[in-house]
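After this come two complexes, each holding chain A, first together with chain B and then together with chain C.
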Partner chain A sequence: MSESVASTGRVAAVVLLAATLIVLDVFGAADSGVLGLALIGFLAALRAYNAVAQASLSTCRVDASVEGSIEGKPLTVEYNVCNNSWIPIALVEVSLVYPSYLKLTRGSPGGLAIIPPRGCINYRTELLARVGRHKIGPLKVVLRDLLGFYRGLELTLGDAVEVRVKPREGESLRKVLLEISRSVGLSRAKRPGEGSEFYATRDYKPGDEVRRVYWKALAKGRLAVKEFERESTLHTLFLVLADKSMLYGPYLNTPLEHIARITVTIARHLASKGDYVGLLVVSNGKTWGGKLGRGWKGYRMVVDTLSNIDYESIIGSAESPESIISSEQLVMKLLASTPSRGKVNVILVNTVEGAAKHSRQFRKLQSLKIYTFHSFIIIPHLYGIEKLGAFERAVYRIKTYEDTRKAYDKIKELRKEGVKAIPVTPWDAAAKIVSKLETVRGLA
Partner chain B sequence: MRSTYTITVTIIISAVLAMPLLYYNLSLLIAGFPILTSLNIAGQPSLKVDFRVALDFFYVISSTILLVPAVIYSSSVAYALSLIIHVFRGDHEVLFNAVYVLPVFLYGALRVFSEGWRAGQLHSFRFSVSSFLAFIMGYSGIILLAVLVSFYFGNILWGYFSALRGVRLGKPVLDPLADFFTVNPVGAVIVAGFMALGLYLFSKALTEALVFYVKPSKSVAIKVLKDIDFEAPIKPPLSSIRNMIVSLALSPPIYYLVLLSLSRFEVIPKDPIMSILARWALSLIVLGVVWRVLIRLLTRFDEAEPGPWNFILGALLIVLLYGLAYMAGYWDPRVEGLSPARVDEALKNIMLGYYTTLFDMARLILILVGVTP
Partner chain C sequence: MGRGGRKLLLASGILLIALALVGIVAVLEKGPISIPVTVGAHPFNRGPFGAYSIYSMLSSNYTVTPVHNWTQALAQLVNCSKALIIIVSPEAQYTQKDVESIRGFRNKCEETALIIGDETGNSNRVLETLNSTIRISGVQSPNPHPIISVDTPWGWRGLLVLDKASTLTSIGASTPIGRDILTGEAYAYYEDRGAFKAVVLGDGSIFINQVLQSNASGPYKDFLSSTVRHLCGGECKIYIEASKYQSLDPKAALDYMRSPQKAALIDPSSLLATIIANAIHPSTWLPPLLNYFNNIVLSLSRDVLFAGILMIFSILALTLILMRREERMPDAFLEDVREVEWYGYGEFSRRILAEGARLSKRDFLTLYTMVDGVLKSLTGVGLDSEDAVRVLESRGVERAKAREYWGFMNKYYRRALGKTLWPPIVFWGRVSRKSIGLSENVLKALGVSLMEVKGLEEKAL
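Our next item is the complex of A and B:
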């Protein structure tokens, strides 16, 4: 029969001692038989206590909470474990179950604890938040006898808590974007049309609305109407084909996190201009987001999509590009998210490895005439070096020169294959993407 | 994975705990050399004395060497062995000195802490002072209760054991075995061992069952159920009784054949008392082996629908065994040939002899434990 409490090898030490004491008494060397049997009895009593303590441990009330939802800020995980019984529980080996891709910044991932009778203990630890959806918890507990003679079953306490972390927006990036676009608010196309800003006057034509008549000109004897500058609205869909290569790199500086930051910053910028914006993340046959929303609604949709990315799904993605998603599925998903009016600018941001892997899909997407595709490939070896000093940065650049050159060569190969890829770095990616979009807006 | 810091601290504490025994061993070694030398110098090269001193020296050296793994791995077992070795040289006082005995218990605690303690855990776990005091009081109470209960039961059991050792049956058939368990220290140790084992197993089964009934826990129950080996054979109800009946039916001829073979090879002792003890031991061994083999065989019957061949094979086995015993019964040592007149008598004797042996043993156990006069 399986047991709820298992004995460890250390029990053998006490059994040996007890047996020696009994033998000594039987052979008449000492009056130690009672002590020998008492030692065995003590082991039995300890085992009984451990069985009861384990039952109490398994029925403990557990409350779990996680605070914090912004990338780079602490995620505070808190568990309150309350013992409802009168039995003190000692010792409990506690370990928090959390994704291996999250880093602990304060406290410990577990430890040895005691749970007082009719009392509670509080376990609190801090993780460094990174964008996406994460499952933290439950607690795994194992009852350990204080003297190390017995070991209980591995039990789980409490529930896992799901937390969604939003990407951090780059303030410096936003300033750069403002400089590029030179204005905030609605964008104008420098052509007459529907809008709210005055553009010019022209002679009245039959059919013009009376409310558009320019009264000042009429007073001077000229029948003219006011023309307004047409507002330019862009439809932008960010497309992220996420695979394992997106997660390589320093903590908070992986390609996925850079892309998330770039996307959310541009999305905010476009939202402030009243453009349509959306994000489609595709990984391992799963998709997140994909709908376009106007202005701040679109921005919120992008943030929600980014904070909903499931790392486990990306980590579990297979190497084959077709396993990420088939081209047909991808196109169907894109069509489903296309609004009824306006041409959609699809912004593809990927790593060199990812782009090389999905080059066929890229070419297929480029061939669809109802979209305008812009592929941006991030050079991988330059993540996180903005934190380095000037000298260290120079040394790092020399060190990674060869790798960077290879990456550029790879992009050149992709371009020869027909993929319209533009190399970018994490710092200039947003600026280059926005200038591209502004160019499109100017042409519209 | 333990850090280097934790391992180092653990080894240091282990070494400190082992220091008294190490000091004791070293003092014996230092004191032992002059004795050895003085014996030789004095011109009394007694081989017996030299051997005794050399053996003592070996014991102390072994005890000291065992302390090394005990300290490095905080091993309670290695330390206990190091301590028990002193008993072989007639020095059992070390077992009654708390300074020497405590590490057997503390090494376990040390190991638990070194394995479970995590850096920074003091920042993670919080509880109120009142809760902590409640815990200390509650836990101390439990440990105290465990000590008291264990001594109480230890006393009762030892009293019972002492009373059992004083039993004198005065029955010629049962005395050899009874004396083995009461007078003979080896037999008495076996009885004491069984008593200790019984105490432990009974308490274990009782608490396991009680906890499941008094404080049922879904998670523990599921975990225990999941740990059960699903490849375990299906046991129909009362299969143990069935196995026992079949084993008891099959054992007599096998026992008889084995006994006959052993007697031919003169393995059975000539001494009447030892001969009885040997027969009893043999009857138990045969019963045990047959039972074990039968369980395996019959389990195969239980798991699958047995075909006619299985039944035929089983029946053939029984017939063969009884046939062999029957044939053996023909053997008349007086005429050194087969004698049909002895067959029925021999078979009856085989069956009766075997069952009487088992019955005697059962009766002896009942008398020793005080169930029957």
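Our next item is the complex of A and C:
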């Protein structure tokens, strides 16, 4: 028990005072010995109380919960700490452990509390949810006395709670997609073929099925058959190489979060057309997702993958090009995850910085013939520009022009190296990706 | 952990010291020990005139209790079938309380017996209270060393040499068992009244250590043994007088030792043990020691400088002692999570929002490059070319404004590059601000913007 409580510098000061009073009395300079002994006794009593309270604190019952799972909405963290003993625990300094990349929006990260005997305290705070998987908690606590003489050793109460946050779909993004895509429903390739939508009529050729004869034309004396527009199904796999550069940017508007919103919106768009869609996130040797699913199943898989991204792995990624994943591993992962039929459009997303590091892997992937790779390279420092006023935005552009130019130059270099890189800015990334997919569909 | 996993709990040194101090204070509180140095025929006196020999001799066969207080001895007496009281040369008179207690022995026990060896007559009150018919005259016989012939009813016969004995008288049915072989004077009587028996000798010296430890102690020991055996039978409780002798404190005993005559009365080994016991007792040395230290401190405290140093040293030493075992920790707050944002331009962006932008010549040149890039990208004409005015006009910019813009930008561009020195004084901040506004109008005409979210990056680059 003696090791659970330590004294602060104030105790040394009071002991020095008490010793002075006692010594003065011994030397006959003052009748202060009793006061000195009383101070020592007071400290001893205080220490004993702290030791007992510390023992009570370590046996407190703790219930933790986190509510909320949508990006941009509050994550309400709640801890109930109940004192099982008959000893009041005062004062307890409380601090919530949560990932440093999350932002507290309401309440305080810590505070001071008194836990009454056989009573409970409730600690509640709110964090702003960002997409991915996060561990929140436990509570760090330290016992103190009112006068700050003694301090208990640091304890952790309760367990960390894991929460998975889904990305929110951008309404404006969906409008953009609707404008770009040619129709909603079954997708057509602007080519005659098997399908249900009328495309055109043409003169009958021997071998044409009789049921295709266009009877209205025949009534006018022309033997013609109806042609239908060929339906096409896209296989789209989003491949996000998530290194630390994907986290550069303002809160909720980092490339990773922006791409997450774009991916989930496009996935919904493709799901509504009955396409195959999937997401593979790669970071620091780890992968999340990768399977393709048709329609809404694929959409749900994409959402699950996004809400399972572990930031700690991304933050911990080293700087070497192979740190995210080796080329061979990546190829194997892709082959394992994609179906045998149909050519898969891989939407590869990375920042300029990341793409420059991973150019070798980009080229390796491009050489795989069963895939069509579209590499979208994000200019990260343009994220957050929407928060500025008009004039400030112009100034920001001028000040960062040199960096922007270098980023574009880098993309040009990548192209020269053979990487089919498409630069995207925050405001045109979704449009460019969907345009690319619809173009592919049209050519299918 | 001890051997075999046994847990050992060790008391701390401080606890042991504290307990020792408590013990010392408690012993001190009780005062100095009072182990008296006995004088005369006391059963604990191992000196020549003591009666330790008789006590130790009888202790081997019987339960012998030295009586320091007859009242207490009576109070502790229970289940008594037979009691034998031995009194050897008492040095003080018996009080009423004493004799009443001795009478109580007779009442409590089924049988009571008495052996008295007394030349002083101090035992007479005991004999009286027990209704004995024998009395000790207390008058010393003219013969200093009478030899008596003893002939007892229990069969012991022999000669005993007495020393300064007192004659005895009998007023009833008691039997003289020892007479001076020369004068026939009775020096020993035996009285048997059934439940009470008494053997009285007019001299206690035959029971003292000097006789019983001498080479000629045989008959005396024999007489004593046979007498006790006769009076006690198989078993009885023996009470030996220890209350009627002088007890000296060590200091008085040392005074006795100075006189050769008196020295013989004291056992030197008992005296030494008493002196040692007193010497190690805290009441002997602790108060003087504290007083000594107190005096030292007081004397030192008269010197202000020395007293000051001593006080400071004492304060520090006391503080260190009190804080020695204390585990210390800085009184720091729990470190809260430091939220991080990996936003390289975030700080820059915040500064722009908070302070506004400080624009320089370099920023003007950057802007010029940006507009030039957009123009070249969209029209194929650079900003340095005069054709730019025509191009801008064709894109909807008023000719005058297009010319003004073109002139403004190129004038300051050349100035920034040092190709001209006019205007001589330029506030680049103002120039840059103005050029941003003018450029925005021109760029909007080209379908791009500096100030909109969706900017000119793709067109310019």
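Everything that follows uses one rule, which is that the second predicted complex is superposed on the first by the 392 of 444 C-alpha atoms of A that agree within 3 Å, B and C clash if a C-alpha of one lies under 4 Å from a C-alpha of the other, contacts with A are read in each partner's own complex, and residues count from 1 in each chain.
Please note the rule applied: a residue touches a chain if its C-beta (ideal position, glycine included) is under 8 Å from a C-beta of that chain, and two chains touch if they have at least 3 such contacts.
All values derive from a computational prediction rather than experimental measurement.
Upon superposition of the two complexes on chain A, a steric clash is found between chain B and chain C. When both complexes are overlaid on chain A, the residue A:100 reaches chain C alone and has no touch with chain B.
Legend: residue contacts after superposition of the two complexes on their common chain; A:147 is shown touching chain B, with no touch to chain C.
Once chain A of one complex is fitted onto chain A of the other, the partner contacts of A:124 are limited to chain B, with no touch recorded for chain C. Touch criterion met: A:49 reaches chain B, while chain C stays clear of it. In the superposed pair of complexes, A:116 makes contact with chain B only, with no contact to chain C. Look at A:244: by the touch rule set out above, it reaches chain C but stays clear of chain B.
Of the two partner chains placed by superposition, chain B and chain C are both touched by A:26.
Common to the chain B and chain C contact sets on chain A are residues 2-3, 8-10, 12, 16, 18-20, 22-24, 26-27, 29, 40, 93-94, 109-110, 148, 153-154.
The touching residues of chain A, when paired with chain B in their complex, are 1-4, 8-10, 12-14, 16-27, 29-30, 32-49, 51-52, 54-56, 58-59, 85-88, 90-91, 93-94, 106-125, 144-149, 153-156.
Looking at the complex, you find that chain C touches chain A at residues 297-298, 301, 307, 310-311, 314-316, 318-319, 322-323, 325-331, 333-346, 348-349, 352-353, 356-357, 359, 363, 366-367, 369-370, 432, 436, 440, 450-458, 461. Listing the residues of chain B that touch chain A in their complex gives 76-77, 79-81, 83-84, 87, 92, 95-96, 101, 104-113, 115-121, 123-128, 130-132, 134-135, 138-139, 142, 145-147, 149-151, 153-155, 157-158, 161-162, 185, 188-189, 192-193, 195-196, 199-200, 203-204, 206-208, 211-212, 215-220, 223-225, 227-228.
Taken together, the chain A residues at the contact with chain C in this complex read 2-3, 5-12, 15-16, 18-20, 22-24, 26-29, 40, 93-104, 109-110, 140-142, 148, 151, 153-154, 244, 247-251, 254, 379, 381-382, 384-402, 404-405, 408, 423, 425, 427-428.
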